[in-house]
Amino acid sequence: MIKVGIIGGAGYTAGELIRILLGHPDAEIVFVNSTSNAGNKLSAVHEGLIGETDMVFTDQLPLDTIDVLFFCTAHGDTRKFLEANTLPEGLKVIDLSMDYRLEAEDNPFIYGLPELNRRAICKSQYVANPGCFATAIQLALLPLARNLMLNDDVYVNAITGSTGAGVKPGATTHFSWRNNNISIYKPFTHQHLPEIMQSIKHLQSSFNSDINFIPYRGDFARGIFATAVVKNAVDIEELYRIYREYYAEDSFVHVVDEPIDLKQVVNTNKCLLHLEKHGDKLLVVSCIDNLLKGASGTAVHNMNLLFNLKETTGLKLKPSGF
Amino acid sequence: MIKVGIIGGAGYTAGELIRILLGHPDAEIVFVNSTSNAGNKLSAVHEGLIGETDMVFTDQLPLDTIDVLFFCTAHGDTRKFLEANTLPEGLKVIDLSMDYRLEAEDNPFIYGLPELNRRAICKSQYVANPGCFATAIQLALLPLARNLMLNDDVYVNAITGSTGAGVKPGATTHFSWRNNNISIYKPFTHQHLPEIMQSIKHLQSSFNSDINFIPYRGDFARGIFATAVVKNAVDIEELYRIYREYYAEDSFVHVVDEPIDLKQVVNTNKCLLHLEKHGDKLLVVSCIDNLLKGASGTAVHNMNLLFNLKETTGLKLKPSGF
Amino acid sequence: MIKVGIIGGAGYTAGELIRILLGHPDAEIVFVNSTSNAGNKLSAVHEGLIGETDMVFTDQLPLDTIDVLFFCTAHGDTRKFLEANTLPEGLKVIDLSMDYRLEAEDNPFIYGLPELNRRAICKSQYVANPGCFATAIQLALLPLARNLMLNDDVYVNAITGSTGAGVKPGATTHFSWRNNNISIYKPFTHQHLPEIMQSIKHLQSSFNSDINFIPYRGDFARGIFATAVVKNAVDIEELYRIYREYYAEDSFVHVVDEPIDLKQVVNTNKCLLHLEKHGDKLLVVSCIDNLLKGASGTAVHNMNLLFNLKETTGLKLKPSGF
Amino acid sequence: MIKVGIIGGAGYTAGELIRILLGHPDAEIVFVNSTSNAGNKLSAVHEGLIGETDMVFTDQLPLDTIDVLFFCTAHGDTRKFLEANTLPEGLKVIDLSMDYRLEAEDNPFIYGLPELNRRAICKSQYVANPGCFATAIQLALLPLARNLMLNDDVYVNAITGSTGAGVKPGATTHFSWRNNNISIYKPFTHQHLPEIMQSIKHLQSSFNSDINFIPYRGDFARGIFATAVVKNAVDIEELYRIYREYYAEDSFVHVVDEPIDLKQVVNTNKCLLHLEKHGDKLLVVSCIDNLLKGASGTAVHNMNLLFNLKETTGLKLKPSGF
């Protein structure tokens, strides 16, 4: 059994990670650290855990009792922690914050998008888990980049569930405001753009156009539905072939002929992709569950890779459907 | 034109009051007081006001410039204000808090449920506006009390929109939690029960059973849908007659033969009532918009009565329908 | 009083038209025709009308008793009707279907977008009311076209409420499917594109780029939220000036400095527009209520123009806000 | 491996059954019969199955290839089928319709509520799966009946998700109507009352009061949240003890000290129960997922019992949480 520790245990990604790991046949949660909730039951904080576990949060960090540490910390806090503490040698780390996603001289983390870096992840110790929008958008675009087909501006619109905004209540997650409402935020400047650009340039170094990304706040809790439009001269059959070839070895990405909708993937670790050509424009539609494929599901996927498990272990989840 | 001042202007009931008064032909908002928002546009705080008004919040209270003052204050704050300040003689007051709803020796306010106290309201100066649940439930029960028919326990379930919980964000108004969720709170002990009991006893002093009231949190923003069940030996035609007689002079209450649903009243000042008999049980269904008939709509209704306007003035609102 | 007849009275746009007209000070509904519902109360079909009217549907068409006839018919049915029947001379017509929106030799209808054709509408007899998406998108783009600034592909994403799909139940309006779901339909090929192109070319005949329009199905009932992105070299202050100048005489369009959200316009006849520049890309955000500004509100707006009323008559609706 | 056949495969309970069985370690779906969908992919009809299975519906019924047959048929159709066809000897049957829930001379089915009839189910061949409301309400009341504590009228209110109304679209499942709406249907007369009464009388034959049940239509897709109120003289600690004793051997029912909410159980096979005493009134709150514990989850639970598997096999589902 893989012994797991979780730090930043009171947030949404930690909650989802716990929900997954409680059903994972080869992993065992040793501790869930949360200073603010120390002593409280996990089930008092995370929806859905009543009857699943009686575990309580701890303010302790018994790092020598675990094999892998998940950081479900706020952005900036993983870096602070790692600069202030020395980890046991050999302890594997999966960081769900954005602190180590961008490559740098002194960054020992591998960017943990399995569909881009599976082999490298398998051999690594530190994994920087991708962002949720970044996952949906990269999976839509990487096959094009691999085939050097991103030669013009890309227009991306993606709508996310409220869980993407975290557990802390605020004006834009107030039910009275968000229910039946639609809005955008950080158009063209969302913080996930740099990691998207980094991955695209790895595959197509010549890429020098814009990714014009408009994030929408959706009036639902789970999921990301993204559309990407880019000029492309290749015909649709060939494009489908290219996408299916790119994802041939990937368990969680499915390239689908028919139109797709968000609830096809809710409560699963899947990404569905659908392609259409209209004139010289290629439309790619991409759906994920932001808490699973967009966060904690991929974190467990990465754990599976780090420990040489079958990548789907613990991640064949019953779809919610509704 | 009736000159209006509003204190506690940043909350939901103030916002709805402003939305109504901007379309009221005989009233004019002179000031909206909010210390926390002084200098901000109303439209920056209250959804829907862009293009309706450029007015800003003030921290001033020019009470001598107005004819009526609406308190949209938190519970407790109206009393504090009135104990600390002297109002201009003749200034009329409509209080949306619960501070003066219960009768007491030193309470100069009339309980402002027009369907119970219309004549007294017309002659009064100070009006205590009823609570939202209290309105829906009283309108369901008062005809029975008037006819001395409440002679057993009453079982009331009522589900409210999130706006009933106010503008301050919190765990139970977080979209991620509340969306698609149902829960109850304060069963049997909700703070609106005393005002309901007070009104019932005015009409049927012999009433000494329980009103077993379970409030539900709904996953919608506007409205209250209530059911009340009580033993009753009278046949349904007679009951309909009694209800229609009770509300014969009331513009906003409609007794309906067909089953009703919440959206029949959303964005209106109406209350719909529907009756059924099953064996010895009478079922009364009652629907209101919690922000209108349950709060600011009735506040304007009371203003109309205080100033001898037709009671529907400014309150014939287009139903939302959807 | 303007005497009004409505044909196709059982659909959503008819329902909303009725809700508006019941509060219109200068109009009176004479009949609402619906063969399938003849004899039923309007309030049995259209949500929100209980207590507002006791009128019933008729299968009669007493055209000589009315001043204006609204067609709320399915697409194709207005044309069929007009080809099969002769209207009384002088009877004004407002058609909410798409049958007469595109100009043609034998098309006597004026395209009824007041912000484009107000003067012509005032002098006309037959008005073709614009489509809902078409309204939101044109209002976002027309100031650019007027200033000859549409010189590259435009990327439009717009999400609509379920009422846009009509009253007939189906797979994509089934609550179990649509709730918390997002999907697209008819990307790049939506039937509103021709009327959008027609209007743009009237203002900027040189326009020969694509409008790449992706319509989204939203999980809410009312409203359209649209974003348009196009390359533009002008600075943002100048763009705001141009938009405000374009809409200077229009009562219902508001150009807003701050970010906007859909519920700012729900249950109103307003359109809000917001602009941002990011590099060489101009982002225009546009919000309307699809049943009001996108359909029946504009229909009444057009009626007001046809009868020389103030254009806002009967259309100053209390915003829903929530 | 248990070989499974499903008849009535296009409905919601069949879809959920398939979703569960695809992850069940000891069961294998051999065929899914649907005459209307024969030849179509399961994933084209049932949300969430893309990437899970490529199986297609069949109009064949190879009953000799299976060990157990699930009827996901409309009410009435199971009986019609069994009267017209002879099943292979030894074939086990689990019927999700209501055709065989009520005991009768010629009814060979056992009522399949494991918390009432586990031992009998283990030894049976034909199981009548309980209704969704019936499950939520029985689990709330059975411990009282077992202890002869139901000696007065019971007041039950329960709100269900739209999936309870089935896949066929209609007026009350139209998104435009149901979204943000609340209504009731069949008050006091719901078709699940007889099976509830039957079970209660088995445990407390003296019961001769009413169960006053008001079913609510909720504006969400999955789940049932029920409250039951009944006069009771026992103190709360004793009541908790009684409930915990009743469910001591049951894997899926959890008696919880803290208030509960619907999303605690969504996408799980759990039932949560919470108790409160207020004066002489006992309040029992009960939550289930209507498609799982209220239908297909219990169907699989029953299959596990019929085949002597651990009862939780394949039913430890990751909660959705949001």
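As written, the chain order gives the labels A, B, C and D, with residue 1 at the start of each chain.
Keep this in mind: contacts are C-beta pairs under 8 Å (C-beta built on N, C-alpha and C of every residue); 3 or more make two chains touch, one makes a residue touch a chain.
A quick note: this is a predicted structure, and the numbers were derived from the prediction, not measured.
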item	value
Remotest chain, chain C as reference, centres from CA atoms	D
Contact-richer chain pair [C-D vs A-C]	A-C
Mean-CA-position distance for chain C and chain B (Å)	34
Centre distance in Å when chain A and chain C are each reduced to the mean of their C-alpha atoms	39
Mean-CA-position distance for chain D and chain C (Å)	45
Chain B, residues touching no fewer than two other chains	47, 161, 163, 176-177, 179-180, 219-222, 260-261, 263, 266, 322
Chain contact topology (line, ring, star, complete or other)	complete
Residue ranges of chain A in contact with chain D within the complex	15-16, 19-20, 22-23, 44, 46-52, 161, 163, 179-180, 221-222, 252, 254, 256, 258, 260-261, 263-268, 270, 272, 291, 316-322
For the chain D and chain C complex, residues of the former touching the latter	12, 47, 161-163, 165, 167, 169-171, 173-180, 219-221
Footprint of chain D on chain B - complex, ascending	155, 157, 159, 176-177, 179-185, 187-189, 210, 212, 214, 216, 218-223, 225, 227, 229, 259-263, 266, 276, 278-279, 281, 283, 285, 322
